[in-house]
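Listed after this line are the structures, all set down as structure tokens.
Across the two complexes that follow, subunit A remains constant while its partner is subunit B and subsequently subunit C.
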Partner chain A sequence: MAELLRTHPLEAWAAALAELPDEVRITPEPFVAMVDVRVPAAASEGLAVRGTPLPTAPNTWTPTADGRMVWLGPDEWLLTSTGTVPHLLEEELRDQLRPVGGTAVDVSAQRIGLRISGTRAREVLAKGCSIDLHPRAFPAGRSAQTTLGQAGVVLLSLGEEGFAVLVRSSFAGYLASWLLDAGLEYVPLG
Partner chain B sequence: MSTPFRTAEGGRIDRATTLQFTFDGRSLTGHPGDTLASALLASGQHQVATSIRLGRPRGISAAWAEDPGGLVQVEEPFPEPMLLASTVELFDGLVAHGLPGQGRLADVPDSARYDAVHHHVDVLVVGAGPAGLVAALGAARAGARVALVDEQSEAGGSLLSGTDRVDGVPALDWVADAVAELARHPEVLHLQRTTAFGVYDDGFVLALERRTDHLGAAAPRRVSRQRVWRIRARSIVVATGAHERPVVFADNDRPGIMLARAARTFLHRYGVLPGREAVVFTTNDSAYDAALDLARAGVQVQAVVDARPAGSPQRRAECERAGIRVLSGSVVTGTEGVERITSALVAPFTDGEVGAASVIPCDVLLVSGGWNPAVHLFSQARGRLRYDEVLGAFVPGEELDGLAVAGSAAGVLDLAGCLADGQRVVRAALSALAIVPAADDRLPSAPEPVVPAAPLVLWRVPDTSEAHARTQFVDLQRDATVADIARAVGAGLRSIEHVKRYTTIGTAHDQGKTSGVLTSGITAELLGIPVQDTGTTTFRPPYTPVAFAALAGRDRGRLFDPERVTALHDWHVAAGAVFEDVGQWKRPRYYPQPGEDMETAVLRECAAARTGVGIIDGSTLGKIDVQGPDAAVLLDRLYTNMMSSLKVGAVRYGVMCGVDGMVIDDGTVLRLAEDRFLVLTTTGGAAKVLDWMEEWVQTEWPDLRVHCTSVTEQWATFPVVGPRSRDVVGTLFPDVDVSTEAFPFMTWRDTALDGVPVRLARISFSGELAFEVHVSPWYAVAVWQRLLEAGRPYGITPYGTETMHVLRAEKGYPIIGQDTDGTVTPHDLGMAWAVSKKKPDFIGKRSFARPANQDPRRKQLVGLLPVDRHTLLPEGSQIVEFVADGELPPPPVPMLGHVTSSYRSAELARPFALALVKGGRERVGDTVHVPVNGTLVPVEVTGSVLVDPEGARRDG
Partner chain C sequence: MQLIACPWCGPREEVEFTYGGQAHVPYPDDPAALSDEQWAHYVFFRDNTKGRFAERWNHSAGCRRWFNAVRDTTSYRFQRVYRVDDPKPVTP
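Let's look at the complex of A and B:
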């Protein structure tokens, strides 16, 4: 039998998103393994997971060897990894964290990522996000759990490279149409 | 087409371009930079409409949003009611007519776009007049993040209406430089045509930007017409200026009567003369500027009527040099004319006594009763107002954190003072934010003000005639007069809020910008109390009217509410599914084949699942991963039944109750490991149940070592249902022994498909042999298609939520929230078996011992079978006792319960229903009545399980 094909939640939106001008670049991120990591706050200080210390400052994220570690709460993180099979990553982390009272759950398909960049990126996000995204307030390495339009998102500042938005897969289509609509005024009449 | 009242030169209009517009059917012209009001005045037209109650002619009485009179309906390019001629910017092709108080909403959808933007600043400055510009410059130069919003089409505020000089140059040159400098600061957002209309807690301000209204039909379609700015400011500087206040006298409402400043605005900004012969009636020095400017522009100023006994010596001298007669100690007592003022009645005014009037012909009467600082935003922020005896106006009476008032909005009425106040206020704001002002932040200079003669506070010209009181208009838009206030006071009303509501003063589009303080003053006068004690009515947002379309913004049409879809959505669409909204989810309700309606499609889908094999996308089911050493303890406390005894590899159905013992959710629980469970909830209950778990873990049982994580979207779920489901699942997953012995009911097995993990579970929501297939949504489409391929030989039939509901109802499986309503216990549902008697405690347990819970007359879930075998009972139908004669007795008719679910059954070949019926289980076998469309339908009460009550089918 042929290998099972994967279907990206934003497959149908890719063409329309690609039509946006350079001022607003919206690119769906490829599939990536994501594991929700829970470690009791007391055990998390200085704890390294796959070589990267868990960020303990609220609303921050740190890069890892092949992904990101996002602070979600005093005892919760989201670990992403481009180089690992999701269920194997879950297994590995479950084994590592069980002794410190931690847990790990594969949530790779729960959310999908979008990269938003370009000179108008902040303006487009400001149409539906009440968080201050100015570089003075939301520099690279900052994250937020907030709403964009009416979709709950995890928002990461990538600094010069714009923003990453992690959205529930079921809301991805809504968010894509919302973003296309928000970006419409920058699309030249062709 | 002629514009006889247009000056030969001057103004901020583009005379090289001519715009055509139509008003009340007349073709007229104007120029870019005009408002509808200025263009009408240029053509000599003052009257805009007639009044709402009395039908009196009314005209343009002010040059901006404070005008109570000039309401218009725009017809082209898009119908919009209740706009002010003085705030509608003129564009080519505008079609409008005057409104007697009420407009007409468009009966076609508004095709314009509206949107909203969040913005964050250190300092928000409201108003780009002299104080606001200085404040914005000061903040910008300090490097702060600044927003400057102003409601006019260009910056300048009061400077647009006069001939002032700043820094030794014409004031508008200074304004242009200031605007240019602001544009060079990267952290400054400067918005004109933007009204800050609401101030809320914590520095939150809403402002409406009119982005393309002024472009008419030429507005670019992709740009929002209006935008709501949702501004969060660490500090707010309110520099909103002041509104001129009229004086009330008899027949003060005729077209041609306007505020003195408005005449200056029309002259200097729009190049329009308000008339040929003017009388100026004032209580203060400011209106002299209007008289002198108009005289210079060629208007015959018949007289300045100054109510102050000595008038203003210095301004009198200026007038005399200009040949203008000044009548000090005089008032206007009335006017003549119908569609336009033809003369003013002027009388001596000494010690509060009005003498005999003489007639002065005029076609325009300018009035100034002083200035009301525009304290609206300060007051919205709950700032206390103080009555200033000298100004005869309410001014900010306290300091607020994070909001300060500058310039004339704070009662500073001279230019130099406003400039200095703008700087003082912004520096204080910056200091509070620990931002250091720039070294080069220089205060611009303005001529040292001449100290004006003290103003006189005069709310209305004394008049003992009751008839006159009925034409002494306070609120022109509401046709409300001094007589109305007198009647309110006479009726015993003392609170200004009550007077407002009794008289309706201040309730029109202008929200009392000219009439509010007058009402306070006149009410105080009538009550014989100080104006401070009367106070003002409460200032509430919005400052000026805001269209609902603007507030709705982009949240309309498909973006009104998010549509959540599963990974298979595109497949469902291609398969022709009819969708149903389940919460925010779009779920296929049924898949009609050509020529099928819902009823036939559902009967076909049901038959397939009962006799062959069906498949449904159940991915929306809520899923929660419960993990940790105390996972079983938590579930034992949350569910009514025992979960800790569940073996790894097994599945159990469970019911969850609130603390009141009423069912809140149900579902199955899979034990994945000793320390790990997968909890399946209802589609609608997913978020609620996770919150419920977190609430208990975080607030009551923080000692439990357990974590709960939503995995609703981590698993696509496809129940494969029916006697042939084993064949389908066995074919696709050959390494799984799907026999009943090896894979019994209520167990699960992990397997893989081409290396992709798949979980199979023998769970049935239909009573049939069934396998739930769980897989990552990444692979959902591929696995679904493989299942369809494997099922093709067996006629596998995709089915939707409607069939799912029928199948479960035939088995008496309740839907929490449809068959229950928050007053139903597990026992009421016939699920006493799911309530543990062994567990020491669980949520809801204590309530089960209440006498009311033991009452045998409680409503219980039962089945209903219409005796005629064909009536489909409407869901929600009432159930009453059987009536022998088939006639509904007179009300009140005792209600036994109601129908909660009702369907046609392919299996039973008749309609059936589930219902909550008082003492229902005792009534099984009885016949009761259900009124349907006025007829009593006899129905038989049955047990809730109508298909396969023995459960023989679940193993195939």
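Let's look at the complex of A and C:
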């Protein structure tokens, strides 16, 4: 992937997160290019962006060849890519979407990802999130924009692999501290 | 805490939403033709209904879309939510 010379917002929390037990695995995801895509709702039905149709059902996301495509609103999506440099991805999408009246804006610096997995992952998240995260209600492919603790997040269900949380970079430290506290009861004593 | 059903996202906690005042207040067709008093009425004057009231709400912590809702101002219960382009529902 493209090498980005930046300090990860969760670098200072990485050691503490790594000490959590296997029941609550929290791993920061590396930087990825993210582009906010706006397409008029009328033109979005069946529209394929970079080879993948836009998910038009509310609160869903679909995997793409090298990233994710997340529904953010009836005319708004978040597209991530691990294989493209942010400004090139923005240009590529802008060229593709211009004919249908869409826009693309690079928002790579806005959010950072966290992966939460393990048998207790759902219980940890439930401490600060009011959404029903049971696999029946929140299966793989579902997403939600909501609050976790006091931070606004985009929550993605990865099915068996747990959850991905996209949080604003400036809130990432707060959320990591919150998650460490929420996961404390599953850390064995001694 | 009560749940508010966002027309896009479904039921969510009340803290995710922001209040936007009375709904169905149309922008004047020809604002320049209004007198100061008429303009003040458009900008500042709102109903203060006791009972069912059509209001604007924004799902600010979620999809960030505006929608309308009919809420009972005495019990705070939401009776109906609908999209901004839908007509005001007729409630009994």
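Definition applied: the second predicted complex is superposed on the first by the 186 of 190 C-alpha atoms of A that agree within 3 Å, B and C clash if a C-alpha of one lies under 4 Å from a C-alpha of the other, contacts with A are read in each partner's own complex, and residues count from 1 in each chain.
Simple rule for what comes next: a contact is a pair of C-beta atoms (placed from the backbone, for glycine too) under 8 Å apart; a residue touches a chain by one contact, two chains touch by 3 or more.
Bear in mind the structure is a predicted one, so any value in this text is a computation, not a measurement.
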Touching A:Gln145, do we find subunit B (first), subunit C (second), both, or neither? second
Could you say whether A:Gln96 touches subunit B, subunit C, both of them, or neither, answering first, second, both or neither? neither
A:Thr82 contacts which: subunit B (first), subunit C (second), both, neither? neither
Given the touch rule stated above, what does A:Ser130 touch, subunit B (first), subunit C (second), both, or neither? both
Just subunit B (first), just subunit C (second), both, or neither: which does A:Leu72 touch? second
Who touches more of subunit A, subunit B or subunit C? B
Let me test your reading of the model: by the given contact rule, A:Asn59 touches which partner, first (subunit B), second (subunit C), both or neither? second
Jot down the residues of subunit A that show up as touching in both complexes, subunit B in one and subunit C in the other. 130-131
Can you check the complex and tell me which residues of subunit C touch subunit A? 8-10, 12-13, 15-16, 61-65
In their complex, what parts of subunit A are in touch with subunit B? 1-7, 9, 12, 31, 36, 38, 75, 86-87, 98, 101, 103, 105-111, 123, 126-132, 134, 136-137, 149-151, 168-171, 173-174, 177-178, 181-182, 184-185, 187, 189
Report the residues of subunit A in contact with subunit C in the complex, numbered from low to high. 58-59, 72-74, 76, 130-131, 144-147, 152
Show me the residue ranges of subunit B that touch subunit A in the complex, using the header's touch definition. 113, 115-120, 145, 220, 222-224, 230, 232, 554-555, 558-559, 561-567, 569-570, 585, 625, 627-629, 675, 705, 707, 709-715, 753-757, 776-783, 786
